[in-house]
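Below, each structure is written out as structure tokens.
One chain, subunit A, links the two complexes that follow: it is found with subunit B in the first and with subunit C in the second.
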Partner chain A sequence: MQRRTFIKTLSYLGAASAFPFLSARGFAAISSAIPVAELPELKGELTLYLGRGEGGLYEDVLDAIKKRNPNFNLRIRRGPTAALANMIMAEAKAGVSQADLFWAVDSGAIGQVVDAGLAQKLPGDLTQQLQPEFRFSHWAPISGRIRTLPYNPDRISAAQIPDSIMALPDTDLSIAWAPAYASFQSFITAMRLIEGDKATTHWLKGMKNKTKQYAGELGVVMAVERGEVDLGLANHYYTLRLKSGKPDARLALAFTKNDAGCLINASGVLALKEGKTATDFIRYLLSKEVQTYLSTEAYELPLAGQLPTPAGIPNLAQLSPPNVDLTKLADLRPTINLMRKAGII
Partner chain B sequence: MTRWPLSYTISLVIALLAFFPVIILFALASDSVQMFDIRNLEILSNTLLLMLFTAVGAVLIGVPLALLVTYVKIPWRKFWLILLAAPLALPSYLGAFTFYAAFGTGGEIENVTGIATPALNGLLGSSVIMALYTYPFVLLSTRAALSSLDASQVYAARTLGMPLLSSIWHVVLPRIRNGIAAGTLLAAMYALSDFGTPAIMGLDTFTREIYVEYNSFGLSQAAMLSLQLLVVVGLILYLESKVKGSQEPPGRHLTFWPKPWQANLLLLTTLPIVMFAIVLPLAIFSLWLWREGTGNFDFTYALNSAYASLLAAFFAVILALPLAYAAIKGTMGRIMERITFIGFGIPGIVMGTALIYAGLQLPFLYQTLALLILAYVLRFLPLAVGTIRSSTESLDGSLVNAARVLGASPKEAYQRITLPLTMRGIVAGGALVFLEVMRELPATLLLGPIEFETLATYLWRVYEAGYFGRAAIPGLILIFISALGLALMFSTERWNSVELNEEEQR
Partner chain C sequence: MKFALIQTKKMVASLILLASFSTFSVLANGEVGEHVNHLTANLKKYEEEVNWLSSKTEGIIAAYQKSGAKAAHAEALMEHWEAVDFHAAIETNYVLIYASIWQGLYGVKDSIDNQSPIENVKVEQAKLEKALWQALGAVKMAAKYQDDGLLTKVKTTVDAPKNSIEALAVIDTNLHSVVAKYAEKLIDTSTNMVHDTYLNLFEGVEGELIALDASLVEDLEKDFNVTLPKAIKEQKSVEQVREIVLAMTQKISKAKALLEKNAKNKKAVF
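Moving on to the complex of A and B:
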């Protein structure tokens, strides 16, 4: 029901653009999200490679943008993020480029394509819409996800959880994790960049005997809720989504401070070919309506303007994520080798 | 006579074409030093055990069902054949996922009925599910072998006082070993290369290693590991080639006429298979459909699936004929036939990427339906080759020789003797390719024309997005379209067939 309303709102907003309160915002406040009504109409045709993880709600956003722009044709190829990244690189090598845009759920895949020199530089006023730590010259983060420690308040209290992720192996907590999951591997990459290889290996080995392994992070959160373990390592939205379906779930969130344990990672989009329509399309993804929708329905962190975080997550100002260049998280190879050496995967 | 026959030349071209993506993998793997960690014996033993249990399970289910639908006079025989073959069209990851959701504490079975069921996971869970979604390989290849078998030997054994079951065991099965082996080989290779099922069941296998590498952008490592997996593939290809059936002239068809209650009882025993492989997944999805409400499903997805699969089945059979023919001509032909199998043992997503590189060599075809069909044909050629070869193999040469002595050219002898007698194998091979293409995912996603959605890609979309209820209707349509396609194919079975072999009575 809410999704329908969203699509309608976005497609009829054109008519509402005459309302003074919508246009009054203007372009004055660069740090606040731009409403759809102020965006130029999309014209022509774009081909989007859409890498999917848990991205069912992205479809709604794309449908709404298509409805609002009747003279715009969007062709979508869907596929697993890593496979599409490989495909883009193979196409570039053969000189048969098909895609105009690549939207990936994982900044690692973005980093691969950017490192291969295939992404176009984005206009400065577009990146200015993003919060300062999320401004990159060749790609635009769309929504964020923060690493969290979901715990079961029936089994442990918040006071038992250390402030530092590095102290976790020294506790006597039982822990759920999903080492084969891309977000987990990005988190280990961040740890490697912050603490060094030696400390990370030590941490992985220390954790090995305290942890139970799951296929994905929804599984981790469900295991915490059922009381199979005390605490888990997972992206924030799994907890929020599970709680939205089951409000009395025995789940609470803890955050570490200033280390890889509260890394903010992002899904992002990049343009593979130059063109106004492609960059305008990215502007739609950063619009107030789309960002608000991703936050309220998908529980992702809005990264454009200064929109509130989804209910259940402290504001970005109250969190202390580590200072890591997200593009560097693409360097997964050493992380995989390290995890193999520690016997985790 | 030991000249290089025409079928060799054609086969060589096809075999090289089918092997081309594997050569691309070699090129991709060349800058990798990653080797499979031999210390990690647990993963290797998991992989081998899963393969073994799947093969055994597929034989245990597939062979008795093949006997039932071939020899026993049951009402609506074709219907049962089609229904029992249909699980091959369902993606096994969906089966695994619904099993995971249905069983165990807090599972849907307990939620709905209140009956607690044990959780199904690990090696046992993976093997059960894998066997349920691969036994049609064995069913169809065994049926093709059975139906060209002469019944007189069974009648002789029975006349001499051998009980029914032991005459099947001693007189029928040894003569169709190669047919059973052809299907078992495919089941084993599927188990070796599938990722979704063991991942959902929490079993660490070789494919998981490959996916970890692939997803962390180690394409060359993933290619390298896939090539190492080919050692196991080579081993089972070798083992299968050692299995020999018998060669004999065709004869009267064996038919059992059970009493109605016996027929019903026999059909009742197939019920658990149908329940678990088809009804359970569809029931679970319908339950979610009822809870969540429906989504927007476009019927063109079903049409896309159907015609792409039919085209692929048609061309696969055409390319498979010379290969199967060459395989029984001599060692070289045999080697060329084996080469086409190799690609089937490589995990889908790695193969999909290799096919992108291959497809990019033909830029004018890239991302067209033609290229997608070509990719399907090359990837699933072994499905057709195996069944056609095993049914050609069991042909006694004397009929062809007789025709030649009577003045027929090799071409005429082939058209009038060999081809009609192998028709069942050809139809079975086409059916296997058809069903496998219906559920194919990676190549469809990566190589199809843009926005070309099939039932399999739609199912994947809703599964990834977590809208499981939306899988119910397309899942049902997938079964329905598969059944229609199979019915169409099996109706051509009697076309060109020899009357002697059929004693259908009305």
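Moving on to the complex of A and C:
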């Protein structure tokens, strides 16, 4: 008999009180997100390296910050997150560092730069604004995304879904996944860090015969909705977006407990040079308004203050993500090797 | 005459469209050369090159007629085309005709290699000639736009699009380039372009788009991941691949209109 940790169809959006069995873990008291009206005016000039974000929403945030601060000039260099991280490290090595800030969609890339000793320490009052499990000395997570199990309620019931990701190969469920996708590979990296290489290889091999591959995770969610499979492995926002465009979509979300299956990964920012303007700029990204905007428009999880999660996702206190150092998720090479060894890619 | 007018109008529209997006042009054929940023100064040279290509084609066909396929060395057609600067001028400015030129080159080459009757070879030659001269017309028009400051300087590096609407513009250009590369018989290159365009560009757009029109995203998902790669893998004709791409670009236009409308209604951050 499998016990569900948390399961919730999207028709019960936001009804957190319906799940009293969920235990709060680690998300203790934190300060409130600061409204932008209470932040200092930005003055001077900064260069931001911006890793590819969700559509143009990060750009909207940057435009709004620029508009609000007429005496502030922001130069932006855009590119794939991993390429910009490499560029930052190459520039530092050559002594020609140009970026003041790095805002990356993937915490793994942030980890590379932090590990190279290039990030500045952030003030304590800034990191205190974040949820306790997302406080780091040299970078600030901006918004999060959680791994989920989207399923088709016409094909299976919630009770058929295990609350452990490691138990999935032992079920008779048909599953959609996107192994070539970066978020999936971060998830496998987290599994490797938590469970070890042997167990992860065993899991991949066990899953191989019950899975159908898709190029991206929106494709995974759409396949679940069409009823091609019972459930899928995907970041949470694909389901929310599909439900937004197709409210009657046959989709519900399930979450595992304390394992890589409910990993929360984050976008993040770090300062590469000392200075008040760079630190204050990060405060704008953690402001109540920016956090709310990213949550309502991009369906990302706000990580500063105690702001509500997007409709359809339980509050962070009700989820049980694993304890994983997010900055270690950049270590993809062993993951790729392991996936190759298991015959997945 | 009416048809020619419609074609010209289409070409003007495409050039203007390309002008707005050319910052993101992606070229797969090595160095472009600075001459593409000085089209007017090079028009005479381009015209000479088109004449030279015509004469070379004529020579190959004459050799075929006189001494057969082996003596004709039809493969030299591609070498001649790769050698001229006009190649980059049309690729950077009007990739749709660029694809037709490759289609024409292979039309002549294949008909010779297959030892087709000379009448058939000349039909293919006429198609190639038409594409070459149309291309010269397009480059002349692009030169005018460039002189008027309406064409962005061609970059050999790629800037990341700033938002979904810009990403769709790059996707549109890339899809036409897929046809061009397919017409060049670069099967792996065209397959990789489809894959990369999906993963690096469309995948970033579809999240925003699916909230506006889920079935449109579903259609394009299938086009990117099944229909187009399958047609390329099965080596369908250039016309069939072009037809799939044109249907996709129509859907991309629809997506662009939806995102533009949505941008006007977007909530303010502060």
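The rule is short, and it goes like this: the second predicted complex is superposed on the first by the 313 of 345 C-alpha atoms of A that agree within 3 Å, B and C clash if a C-alpha of one lies under 4 Å from a C-alpha of the other, contacts with A are read in each partner's own complex, and residues count from 1 in each chain.
Methods note: a residue touches a chain if its C-beta (ideal position, glycine included) is under 8 Å from a C-beta of that chain, and two chains touch if they have at least 3 such contacts.
On a predicted model such as this, the values are computed, not experimentally measured, just so you know.
Aligning the two structures on subunit A places subunit B and subunit C in a clash. Of the two partner chains placed around the shared chain by superposition, neither subunit B nor subunit C is touched by A:187. Of the two partner chains, subunit C is the only one that A:289 touches; subunit B does not reach it. Touch criterion met: A:59 reaches subunit B and subunit C at once. When both complexes are overlaid on chain A, the residue A:96 reaches subunit B alone and has no touch with subunit C. Once chain A of one complex is fitted onto chain A of the other, the partner contacts of A:79 extend to both subunit B and subunit C. By the touch criterion stated above, A:47 is placed in contact with subunit B alone, subunit C being left untouched.
Look at A:215: by the touch rule set out above, it reaches both subunit B and subunit C. In summary, superposing the two complexes on chain A brings one listed stretch of subunit B into steric overlap with subunit C, and the stretch in question is 278-286; the others among 260-268, 278-286 or 404-412 show no clashing C-alpha atoms.
Subunit A uses residues 52, 54-57, 59, 78-80, 180, 215 to touch subunit B in one structure and subunit C in the other.
Chain contact summary for the complex, subunit A toward subunit C: residues 36, 52, 54-57, 59-61, 63-65, 67-68, 78-80, 180, 214-216, 218-219, 222, 237-238, 241-242, 244-246, 249, 289-290, 293, 296-298.
By the touch rule above, subunit A contacts subunit B in their complex via residues 47, 52-57, 59, 75-80, 82-83, 85-87, 90-91, 93-94, 96, 98, 108-109, 112, 180, 182, 185, 213, 215, 226, 330, 332-333, 335-336, 340, 345.
Contact residues of subunit C toward subunit A in the complex are 159-160, 162-167, 195, 198-200, 203-208, 210-215, 217-218, 221, 224-225, 263, 266-270. Residues 37, 106, 199-200, 202, 208-209, 211-219, 349, 352-353, 356-357, 360-361, 363, 366-367, 442, 445-446, 450-451, 457, 461-462, 464-467 of subunit B touch subunit A in their complex.
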